[in-house]
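Next up, some structures in structure tokens.
Both complexes below contain chain A, partnered by chain B and then by chain C.
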Partner chain A sequence: MIQDIKETLKQHILKEFLPGEDPKELTDTTPLITGGILDSIATLQLVAFIEERYAFTFQAHEVDVKNLDTIAAITNFILSKKL
Partner chain B sequence: MAKRFQIPAHVSRVVGFFRIAWPWSGMSSTTATAPASKASLAASDTAEVSAPGTAGQVRDLGTIAVVSIQLVLVLLVIHLFQLESRTFFHVMVLGTVGFVIHALLPLQYRLSFFTLLSLLAIPVALGLIDGIFLVVLGLLLIGVCHLPVRMAARVFLLLAIGALFAVWRMDLLPAPWSMAIWPILGAMFMFRLALYLYTLKHEEKRPTLAQTLAYFFMLPNVCFPLYPVIDYSTFIRTYYDRDAGRIYETGMRWIVRGLLHLLLYRFVYLHLAGDPIGLLTLGDLVQFLLATFLLYLRISGQFHLIAGVLHLYGFRLPETNHLYYLASSFTDFWRRINIYWKDFMMKLVYYPSYFRLRSWGGNAPLVAATVIVFLSTWLLHSYQWFWLRGGFRLEPQDALFWGVLGALVVVGSLREMKSPRKPRLGRGPAWSASLALRRLATFTAICILWSLWSADTVGSWLLMWMVAGNVAPGDLWLLAGLVLGGLLVAGRTWSVRETDDNTTRSFYRQPALQSTALLLGILVLGNPDLYARHSPQLATTVASLQRSTLNARDAALHHKGYYEKLDNNSRMSMQLWTKQAQKPAHWVGLPDTDAYRRRDDFLRGDLRPGAKIVFEDQPLSVNHQGMRDRDYPLAKPAGTYRIALLGPSHVMGSGVADGETFADFLEERLNRGDLGDNRHYEVLNFGVAGYSLLQQLALLEERAVTFQPDAVFITDSPGLKPPVVAHLLDVVSSRVAIPYPGLDALVRRTGVTALADPGFPVPFENVRALLGALGMETRMPWVEAVRRLPLSADSLVQWTLERIAAVTRGHGAVPVFVALDVVVDPPVKEVRALQDAEAAGFLVFNLFDLWQNRDRRALIIAEWDEHPNAAGSRLIAERLFELMQQHRSELRLDAAAPQLRTHSR
Partner chain C sequence: MRAGNTLHQLLLHTTRLFPDRIAVEEPGHGTVSYQELDSLSDRLRDRLSALGVRAGDRVGLYMRKSIDAVASIFGILKTGAAYVPVDSGAPASRNAYILNNCAVRVVIMEEQFEAKFREELAQIGTTPQLLLLEGTGGGVPLRQALDRKDAQSPAPAVPTAIPAQDDIAYILYTSGSTGRPKGVILSHENAVSFVDWCSEVFQPQENDRFSSHAPFHFDLSILDIYVPLKHGATLILIAEDIGKEPQRLAPLIAERRISVWYSAPSILSLLAQYGNLERYDYSALRLMLFAGEVFPVKHLRALQSLLPEPGYFNLYGPTETNVCTFYKIPAHIPEERTVPFPIGQTCSHLQAKVVNEHGREVQADEEGELCVNGRGVMQGYWALPEQSARAFLVDDAGQRWYKTGDIVLKAPDGNYTFLGRRDRMVKRRGYRVELGEIEAGLYRHPMVKEAAVIALPDEEAGVKIKAFLSCRDGTRPSLIALKRFCAENLPLYMIPDLFSWQDALPKTSTDKIDYQRLKEMR
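And now, the complex of A and B:
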């Protein structure tokens, strides 16, 4: 399940925010927000994708670096919401 | 995992009290070998806590040694260039010593040590009493955050305390502390409290006492009222979350970058930034626009320094500013400049607004949230201004700046929603034309917007553009060069984001080596004697950067009392404000004292005969003839050589006691008999603070010549034009007749007499003419007159000098122009008035270089005021005496002297 989530997120991020980039460059620990890949708009777009895909709702305070900066962190956050 | 470092029992006992006292509610105490927090846990895998003798430990000691050496170099640079304040230097000394101890301590004790160091820095910077009060007031605020009541009640209590503090900030209530604590207390708490409460509300983990105190009182804050808004969660989350050596290296790199920004800022401030009123051509306008935006280098320099220092204590905070001059759009600009502020807004305003409104659907929530962010930013900047400077900044140009920038960011965001930007994981192409054009366009637009934000008024900003049509011969070349250079620089991919990976870097690109080389380079540059022979121009420029002085415009604002109508306290430059903020409230301008008499004629004001006051903490007495001097008979006694000395504040003797003006010392020196004659010398002090050259002329004609002077000494500083302009504007707007037909004609030619017309103020002559044709009464607005008259300032000064020389000669006296400034560097540019004075027939005594290579702190009346004190006045008198000796014949001192001294003082 964890691997599925990570793969889904990775594919979405590559398609929507990093088109044309080498998939190998995007790892589970690549910084997305602090690395400048996700700005505020992209972050909200990713949030909307996660909410729709995994059927839960974000609270405003949950949209932060701690939960969304890496694919690994996002996966952990999704799992904490789903479990 | 490496074996943990075991703390000896006696050390554990000594420091044990920290760890007993530190845990805040909800935290269990830890043992000597256990990490104190999650942050420590994250770092416990690093070499920092590994056993002595391991490879990691050896490397750390090496890094600590290198960083310590670099910090010593940093201290030398700060000292050599007098960067920021003396407080900053002292705090950096403390920070350097503290770094070594901190880095050598076991990890679990470091945060407590950092907290103690931060608390210690407060009295070092503010003094013991103010320091204690600041900490107590801060603890009160922190205590309220942790009261066992509902969050809403805590917020209400904090607001109530904030209101009380605001009353104190406005100086409406007496307080046992000085006003100096408010900017610092404000910087520590005005935004951090909100972030701290936000964390308390949303995070389950409770902060420890050490974390809380470290966050609010963090070390470099005490010398930086303008401080980045550091997020509490980030502050804690990034604490030693990577290898310590790498964190220190990054910190040093940012400190060095900060120093470079501050040095560049100083160059821009002293040599490029000018007075918008003095712009004459398109080239001047372009330079002004560029320099105004470049002045932000000071903020980014300070922020880099602050974040760098915090890195040295393990806080791996993100970048505060990222290549903001290379933004490729307005949204990009917003993301790059003051990143902490943007993150603060995202966290507390943007996301909460967006989530609250997202039921609207479509792009409306995004637009609304962005608008709310910019509205909040505008209001919060004013709130910040209040705590830092004591007044609100809610002026049209602020609203326009944030409104326009907000609108541009909204448009940019909507465009990005449709076609998202394409960030790159790796490096982009070496150079891109489209990127260059976008960056150059954004930079130009921000320069223009920034100039609006910095303008005194919207009207003055609009009128500033009048000179755009005056194209000087070199202007187009300048523009072409700037555009070409800009395109070359802007099209390049400069760097990717900060990375921790140094393994692939070549030796010469190692951060430690680069930082050290840069520091050594700055230190070499800071010794102009080394290269002055080969490159005198560079040596002079660098020497000018080695003092924290005001630029010409700020110096004029600071030292003269003439700028009241032009000055707008709320828009004072940071440099000037830093100076002004130190001035005690009772140090008011001369016109606000009983020693000043306002007049309705051309003179506008003079000293009140017989007045006795305390001015700038010194006794100031005015004689019955309106001079700061003893009484003199109108008729010159036989055998007396009389000098009528006229000039502004440094002639009157602002900040020195009666009998300690340079006029007093010169008279005393001349009467010692060293000139080899038996004359008696009298130096009549007609100086009045704030007097322009025109007022010196008026006073000369009205009073000074009636005392039969043998020589008339007119005194002025390099910035003599603005006072002349300001005086004439005052005269014209007050509808006072100009008693000199020649001068009157000059003023009429500029058109500023329309300032006194009846009717509504309407800018631009053509518009007024049009409205006049429609039967409406209009007049020139003040801001237009302020722009127009300076264009003729040189002619006005020239006319005044010629008139003074003619009047002086007409009364049989020798005209002398004394070029004398307060205790500051000599002017960088040539002062045209000196040539004009010579051409008019003045004997010119140039004392502009008097203060060079001297201990200026020993020669000024106060830290915040560079007027010469008694020692400085003696120096002036001594130099004047020497010059008088050298120019005996021109001063007619070689003429047969009387045989008897008829007077002694």
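And now, the complex of A and C:
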């Protein structure tokens, strides 16, 4: 389950926000927001993708760097919502 | 009654009329009354004076938006010095450049930014004094910092300075084409004449509640801070992180009963798309003001259909003039309209004219560059005499007209329409961005041999920025590494959306980078 989520997120981020990047470069701990990969609009698009894919909604205060800055953090957050 | 000719006289005036009204609310961190704001800024004035700040000096402001920051601004103004706000989220190297460039005497800053800033200062070899705050929030850290200093040695009370109208009130740094930010010098008269124009057009009342969405280093903050203050109204500070997140911002605007909103269009587009606006009560909203870039009609229409009650105004003007033209958006936007609305007619405290490339006024139906003259127009750029001189057109009567660089067309009804830029500046999320400054940032990467940046029109975002790069010795950084480098070396709003590596960039016959070819290459 964890690996599935991570892989789904990784593929989505590579396709939408890092076109052409070598998949090996994107790891679970690559900083997405603080590393300049996701700007504010890209972050909202990613949130919309997660909400649709995993069938839950973010509370307003949950859309923040703490939950969204790495694939690992996003995965933990999704698991906390689904378990 | 005249409220005063200087910005801090507006505060003194309102404090006498409404000492107990709430001047500023900082959600999550409390409020401050006019009386409290006045006293706290008096204490800072005395401390700054004890640190050697004198009328005519500059003082840096390096902290997050907060009651502490508002009180600091007034403390600085009361010494007769000018404040220089920097983006606390921008790279320390950029901020050190700015504060060294205008030779600030003191920087009021949050401790969390100190270490990196000192490193940068050491490289430049300059040492302004730092007045350190443990953090920001409700004015408490500022008060504590002053208490600590007073415990060591009290600061003698000094009178509040009474500057002349053309004394400098603040310097706002904007993107510079040479790769370094440039400081726009604005006087008390520049600001007060604009604030008075806002009073005339928007009729603020003491029960109004104004948003402060833009950061203080951005010229939208001048309306935010000083217009409510002049009228005894309340300013609601919106923290930078919440300001970017429509899901959190939408309920905040409703709960705080904001009546006058002012921001760049980009966040309004996001609110319309992601803010779930239909869930909240916006009955307090009476004015929606936006400025800084073109508002795509599609999103403006969506917003207006969600929130039909308030009046919508498109305000236009570069930092050098602040708002110089305005346009009231009609109450209903036809479905078929796709062209953006005009930037409107000239504000009453300014004059405008349209000139051709020879500086002569054009015929009524011809396009040309918009030039602005009057009380709101800046004095020049800090320590850049040549750029300052080039920024103005001086007419036969000796009047100085600021050349905006914007190409416009004047309609028979007196409204100007924005057509495009004369140079390489673009607007992104309300910020002006010189493509040359992005290129200069990219050139700092050790592997980059050549860098050229172009702007591409984009229906969603207004504009996308694409960088073309070639590398020194065949090895190039990964896209992720490159983006991280950008995040560390450029303000976030300058990071390119797209990167393209080339073996070499195309050149013109004179061996300059061929931007025309780059535009065709996409």
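Here, the second predicted complex is superposed on the first by the 83 of 83 C-alpha atoms of A that agree within 3 Å, B and C clash if a C-alpha of one lies under 4 Å from a C-alpha of the other, contacts with A are read in each partner's own complex, and residues count from 1 in each chain.
The criterion applied here is as follows: a contact is a pair of C-beta atoms (placed from the backbone, for glycine too) under 8 Å apart; a residue touches a chain by one contact, two chains touch by 3 or more.
Just so we're clear, the structure is a prediction, and the values are computed from it rather than from any experiment.
Undergrad: Let me test your reading of the model: by the given contact rule, A:66 touches which partner, first (chain B), second (chain C), both or neither?
TA: The answer is first: A:66 touches chain B but not chain C.
Undergrad: Report for A:39: first if it touches chain B alone, second if chain C alone, otherwise both or neither.
TA: Touch partners of A:39: chain B and chain C.
Undergrad: Name the contact category of A:25: first (chain B only), second (chain C only), both, or neither.
TA: The answer is both, since A:25 touches chain B and chain C.
Undergrad: Looking at A:16 after the superposition, I want to know if it touches chain B, chain C, both of them or none. Which is it: first, second, both, neither?
TA: Touch status of A:16: first partner only.
Undergrad: In the superposed arrangement, does A:80 touch chain B (first), chain C (second), both or neither?
TA: In the superposition, A:80 touches no partner, neither chain B nor chain C.
Undergrad: In the superposed arrangement, what residues of chain A touch both chain B and chain C?
TA: 18, 20-22, 25-26, 30, 34-37, 39-41, 44, 58, 60-61, 63-65
Undergrad: Which of the residues in chain A end up touching chain B in this complex?
TA: Residues in contact with chain B: 16-22, 25-26, 30, 34-37, 39-42, 44-45, 58-61, 63-66.
Undergrad: Mind listing the chain B positions that touch chain A in their complex?
TA: 198, 201-202, 233-234, 237, 318, 331, 335, 346-347, 350-352, 354-356, 366, 413, 416-417, 420-426, 497
Undergrad: Inside the complex, what are the residues of chain A that reach chain C?
TA: 18, 20-22, 25-26, 30-31, 34-37, 39-41, 44, 48, 58, 60-61, 63-65
Undergrad: Considering only the defined contacts, which chain C positions touch chain A in the complex?
TA: 241, 244-248, 250-251, 270, 274, 460-461, 478-481, 483-484, 486-487, 492, 495
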